[in-house]
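Read through the structure below, which is laid out as structure tokens, and then see the notes.
Order as written gives the chain letters A, B, C and D; numbering starts at 1 within each chain.
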Amino acid sequence: MDTIHSFTPVWVILTSSVAALLIALLGRWPNLRESCIFVAAVIKLGLLLSLAPGVLDGDLYEFEVMELLPNVSLAFRVDALGLLFALVSVSLWIPTTIFSMGLLRPLKSHAQTRFFFCFAIAISSAVGVAFSANLFTLFLFYEALSLSTYPLVTHHQDDDAIKGGRKYLTYLLGTSVALALPAMIIVYQKTGSLDFANGGVFADGTSTTLLVVLLVMFLFGFAKAGLMPFHTWLPGAMVAPAPVSALLHAVAVVKVGVFSIIRVLTGIFGVDLLANTPSLSTIVCVLAGITLIVASLIALTQDNIKSRLAYSTIGQLSYIILGIGLATKSGIAGATLHIPMHAFGKITLFLCAGAIYQACGAKCISQMHGMGRKIPLTMTAFFIGSLCVIGLPPTGGFVSKWYLLTGSLNSGQQWAFAVFLTSSLLNAAYFLPFVYKAFFSSPSDEAKWESAKEPPLLTVVPALITAMGCVLLFFFSGKLYQFADKFVELYVSK
Amino acid sequence: MTGQLPIIVILGPLLAAILAAFTAWLRPKLSYPLVVLGLAISFTAALKLVFIVADEGAKIYWLGNWGNQNHEFVVGIQITVDNLNTLLLTTVSGIALLTALYAKRLVETELAGRQRYFYALLSLLVTGLLGISITGDIFNLYVFLEIAALSSYALIAYGKGRAYMASFNYLIMGTMGACLYLLGVGFVFIKHGTLNIDNLSGIIPTLDPSQALFVGFVLILLGVWVKMAFFPFHGWLPNAYTHAPTASAAVLAPLATKVAVYAMLRIMFTVYSLDYINGLTGIQPIVLYLSTAAIVMGSFFSLTQTNLKMIACYFIISEIGYMVGGAWLANRPGLTGAMYHLVADAAMTSALFMAIGCIVYRLGQAQLDDLKGVFFKMPVTMAAFVVTMAALIGVPPTCGFFSKWYLIQGAAEAGVWHFVAALLLSSLVKAIILFRIIEIGYNRVAHPAIEGNPAIPRNEAPLSMLIPTVAMTLGLIALGLATNTLVNTIIVNAVPAALTQ
Amino acid sequence: MENLIANFNYVIVVILMMIGLWSMLAQKNLIKKCIGMAILQTGIILFFISIGAKNNALIPILTEAAYSDPDVATVANPLTQILMLTAIVVGVATLGVGLGLAQKIYHQHSSFDEDEILENQRK
Amino acid sequence: MMPSLPIWQFDVLLLVLVVLFAVVALSIRNLMGAAVVFGAYSFMMCLIWAGMGAVDVAFTEAAVGAGVSTVFIVSTIYNTSATMRSRPGGMAFKLFIGVVVTLAGVFLLSALPDFPDWGDPNSPANATVAPYYIENSIRDTHVPNLVTSVLADYRGFDTLLETIVVFIACIAIYSILRIETAKSKTDEPEEDIATAPPSYDPSDSLIVRQASRFMVPFMQLFALYVIAHGHYSPGGGFQGGVILGASLILLAISFDLKFLLRQWREKPLMLLVASGVCLYATVGLACMFTGGNYLDYGSLDSVLPNDRAMARSHGILLVEIGVGITVMFSMLAIHINLASNGRFDRGL
């Protein structure tokens, strides 16, 4: 267990920022521009992997850029959870970029340079959040992420996009400024520290009322996590192009929200405080539980593929929050594992949704009857992705849900077990019939069915890669569990 | 020579203005470089003073050398440079210098053929503002107040049309403010017989039941409130700054109100004292409510406006609420926030008005509806504008974030939750306005990069305006990153000592 | 009450100030506002002069006999007087600028009436 | 302690009268009348101040408040209109302001019991800093008129700024009125002011003209005396400057503005306005170059053949002249602008 002073975390963040600059400069030469992204992504991945052995040994990599306020600095620290999250975001950046090329280039979409530029900035910000050593740095990158993704959401620049973008910002900026920021300042004013620490920052005997208020402010303040009732920005943001929905609204942005909540719960409040104060734990679990069930129910009613996926995402995010709220070892481990598992599953689904739209112009589930026979590759990938989200073997989702279920039994909140199970059933209910009908029903829309054909390789291959990832995660879950284990070791004393 | 630095800060623009009044007739082209030179001298001196004062403590300068007469009281006029005002002096002269560089093209087009005395008046305005910030004599402060006010009436009236009435209203309100201030000075003088701030701070008892001193305090306070457009005395400001020529507004808007806030801080914490303020248990909550009201009303009215300049003016009104509120929280983070915001807000407002000036220069007006496609026409300007608005909203790591940070911390410490709520509300309102502008300027237009849509010609503001704008905008970020240094080396020494122990 | 009579000057100051303020705020005519402003200012000057007054004092010019050892009690306070010299000059300067603006406004709107001018502007 | 001098009753009468005049000036519906009553109000004020020993202030107010200010108002009205249009309504607003102002007045009066008695020579205002000037002015500056020494030396910075205020007012009014109308003038037939004979209005009174022609030289002589002798008697740069300005304004009023403009063209006039403050500021600057602080005339002894106190005395004279120049020409320029509505051709 060493703390290593290292500049590598900063390099990791800077790589994609530099790439963003190059993208802006090379805008006129699309091939050069996109190769830039790949080079950056590979370098970034390499740097991250170089940190992995150390982190798995229990080392922490730290770097303090500058002190901005007394006792609050712009500082980075890489631990297992951060590294895991960064790895997931960066490794998924590569297939998404391939997919974007496949989707945007044939359409001759406008402002591709802006698109890739903002994308790179968003990745930088997400990694920045992952590596933040304190709440302040985290908040900084959290806001940067909101702002850099706004142009991506409004990419189409039509009325729908503007409306969606407006909602996106109102919710994300509004909650973070009105709730998270004051909560953070109050924490600073009460404790004089914002560093994430084992056991939290609050002194013993801090009034429970204050803690409850702060907790609620944080939970809702990080609205990227999609806790109800601050969730509607996510379905609204589905106006974005498919790759944006895929990487950002299944992985980077929403997971940043959840990640921030994990950090606050473990590093600011502390797992012990959570476990020993029933009211805190209950609030987290109840809020997450309600969101979980309600979101799954709403997902059932959605006909638009992307909306259904969006509500599914909202539900799955609450799995993670609920897992942390349980405040048990296996609960937290399960929650940690659920980040990569769900990421791979959901991105597969979104990529498929994009591919489906490109292949046969279908946006709605009801138009999909029988399409599976026309586009078998895409639908197979979709099937694997949905298995992963539901949590069935042989996909990674099974592993994380296993730990979550175990965690719920060990905790004082056994009702969570029922919630998990119900929700998983609901997941199955909104995914499987869809897949079944796609393969085995007769076509509902003959004209579309006739014209449909498998989309170009550049769009299908990324989906297949991530689908493969879902399966591989199941077999290599042991490696991932090491990350979760290290994180639990760091933050849970008992 | 360093001993003379305090007066050089004032003399730079003062002498430049006097000489410019000659060259206005003899060599009209010389007026502008003269004024820029004067401001540059002033800025250099002020900057040097920041370091000297941070190292060695306050510097006192006696005009006419009437200070060391072995008399208990200073018989002449004294100017004082201490940690409370070095930063402000630098800000005022720096922003004035940058704005003067920026304003040349604007003045040539907006005031074509009428600019004879413009630069002289501009320089005199800056003299007045610097004087208010540097003087150590409460009557001298009044004279500087009037110098700044008279030159700003003229600078505003340059706008023609509705500017005359706006300027006249400002004149009536401004004179009223100055008179209330002077009357307050009389009430202080009648009890203590001296006008020197340092002497007064020594003899005004901290817990004095004297009604005269109290009335004097309230009068002075009302006077500076009128000058700074604090709610409910804000009526004159939006019209005055909106109808003024953009070049005038770019100097007035960031500086004039801030300097009045400084005067309030000086009176509150140097002439009177922290204990005195804390003793005013009846007044403190009222002022805090007024601050909240200022922020809320400013935000609300900025939402209802359709003119960019008008919106910016209501921002100023709400920002004034920040500073007054912060000062009246009378605790360490609150005061730190107010003092830091003094500098930060001057920089932000300056950047905002510079960006608006660039837009006005090209588009001829600043109605929101006219902004369609402006992001494609003037990408650099709009980038600066967006960063500035982000600073006003309080997005880290710009300076706006840190002032808000301290203010909220102060309010939380004092338990004044309505002030916290108002601060957050104002952030949100500014965010709404920013995105409304982005929508209109960026999204409400057929994207020129899509085939078939007409290309929007790039029509950026001239470089002489663009460079200062961008520099100021980058300054906002630099200021934000320098927060800790500023707070720990300078502002900490400006906050009353009782709070920092 | 006795105090009120002893400090009669100050009462007059307050009355003048009220008159001045009232006409600056409530009068609609721009010239009247300017006159009100001047009255407010003279009121304040009266205040300061009253502060510096001494019973039985002479004007603040020393006689040759008093050069070496002036009696402070018999010479009027020069400080308040010079402050007020400044205030008078500031007053006339402000009045001049105010009148200049008023003239300009009149030539735009053919009126000195505030309401009428605002109505005109709204058109 | 109640002052028991007979002069006190006279003061009370004057104070009451002042209030009356103020009310009348504000309630007269004819603006010209209001201006005249306001002039009378200022004269009453002068008397009160003179009664309290403030001769210099009274002197200045007589020249500035009662003289020049009134002329400014009159020339503005001359250029516009003297009638007030009556509009109904607005009573509620006026009443509201009345209530607010009354409350403010009551608030101010609440401090009255806390004041030291009127005329008490030992009150803080009279006993803190002020005695220093009385005791040391002769030693420090050789100037027996304390007002002059405090004005131009002890608080010389205030006076520099005060001159700047006048200077600003002058260029501000010039900028507001003059510059714009300079252009619109072109559509009128251009008259050469210098060569065209002054047009006399036949209604002008010959007596007034002759009388003023006779008086002006004496006024100017007196004004010069006031400036030069300010060290020893009431007066100084301001009073002298205002009287000089007023003498020229008198000429303009009794004859015609054109008559005056034949002698005073725009450019030299405005240059002279600036030269006064320039003189003042330069004297201050010279003190810095001779090793003192700004406006420390004492340090001029290295270039003047006197001791420090005498150097101060000379310094005071120099700056008083500067003040005089600026004030005189500013008053003139402001009057010309106001009277001709910025056209610099004809007017009151």
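The definition used in the following text is that a contact is a pair of C-beta atoms (placed from the backbone, for glycine too) under 8 Å apart; a residue touches a chain by one contact, two chains touch by 3 or more.
Quantities reported herein were computed from a predicted structural model and do not represent experimental measurements.
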**OP:** Please identify each chain that touches subunit A as well as subunit C.
**Re:** B
Subject >> Between subunit B and subunit C, centroid-to-centroid distance (C-alpha), Å >> reply: 29
Subject >> subunit A and subunit D: spacing of chain centres that average the CA atoms, whole Å >> reply: 75
**OP:** Would you mind pulling out the distance in Å between where the CA atoms of subunit A average out and where those of subunit B do?
**Re:** 44
Original post:
If you average the CA atoms of subunit B and of subunit D, how far apart do the two points sit, in angstrom?
Top reply: 31
Subject >> Shared interface positions of subunit D, touching two or more other chains >> reply: 108, 113, 115, 123, 125-126, 129-130, 133, 155, 158, 161-162, 165, 168-169, 172, 176
**OP:** Return the residues of subunit C touching two or more other chains; collapse runs of consecutive numbers into ranges.
**Re:** 17, 20-21, 25, 51, 80, 83, 86, 90, 93-94, 97, 101-102, 104
Subject >> Arrangement of touching chains [line / ring / star / complete / other] >> reply: other
**OP:** Provide the full list of chain pairs in touch.
**Re:** A-B, B-C, B-D, C-D
Subject >> In the complex with subunit A, residue positions of subunit B that touch it >> reply: 333, 390, 393-397, 402, 404-405, 408-409, 412-413, 420, 424-425, 427-428, 431-432, 435, 439, 442-444, 447, 449-451, 480-481, 483-484, 487-488
Original post:
Within the complex, which stretch of subunit D touches subunit C?
Top reply: 1-3, 5, 12, 15-16, 18-19, 22-23, 25-26, 31, 34-35, 38, 41-42, 45, 48-49, 52-57, 60-61, 64-65, 68-69, 72-73, 76-77, 79-81, 84-85, 87, 90, 93-94, 97-98, 100-102, 104-105, 108-109, 112-113, 115, 117-121, 123, 125-126, 129-131, 133-135, 137-138, 144-147, 149-151, 155, 158-159, 161-162, 165-166, 168-169, 172-173, 176-177, 232-234, 238, 327, 334, 337-338, 341
**OP:** Under the touch definition given earlier, write down the residues of subunit C that touch subunit D in their complex.
**Re:** 2-12, 14-23, 25-29, 31-32, 34-36, 38-39, 42, 45-46, 49-64, 67-68, 70, 72-73, 75-86, 88-97, 99-104, 106-107, 111-113, 115-116
Subject >> Residue numbers on subunit A that touch subunit B, as the complex places them >> reply: 66-70, 74, 108, 110-111, 136, 139-140, 143, 147, 150, 154, 157, 161-162, 165-166, 169-170, 173-174, 177-178, 181-182, 185-186, 188-189
**OP:** Give every residue of subunit B touching subunit C within the complex, in rising order.
**Re:** 139, 143, 146, 150, 153-154, 157, 161-162, 164-165, 167-168, 171-172, 175-176, 179, 182-183, 186, 189-190
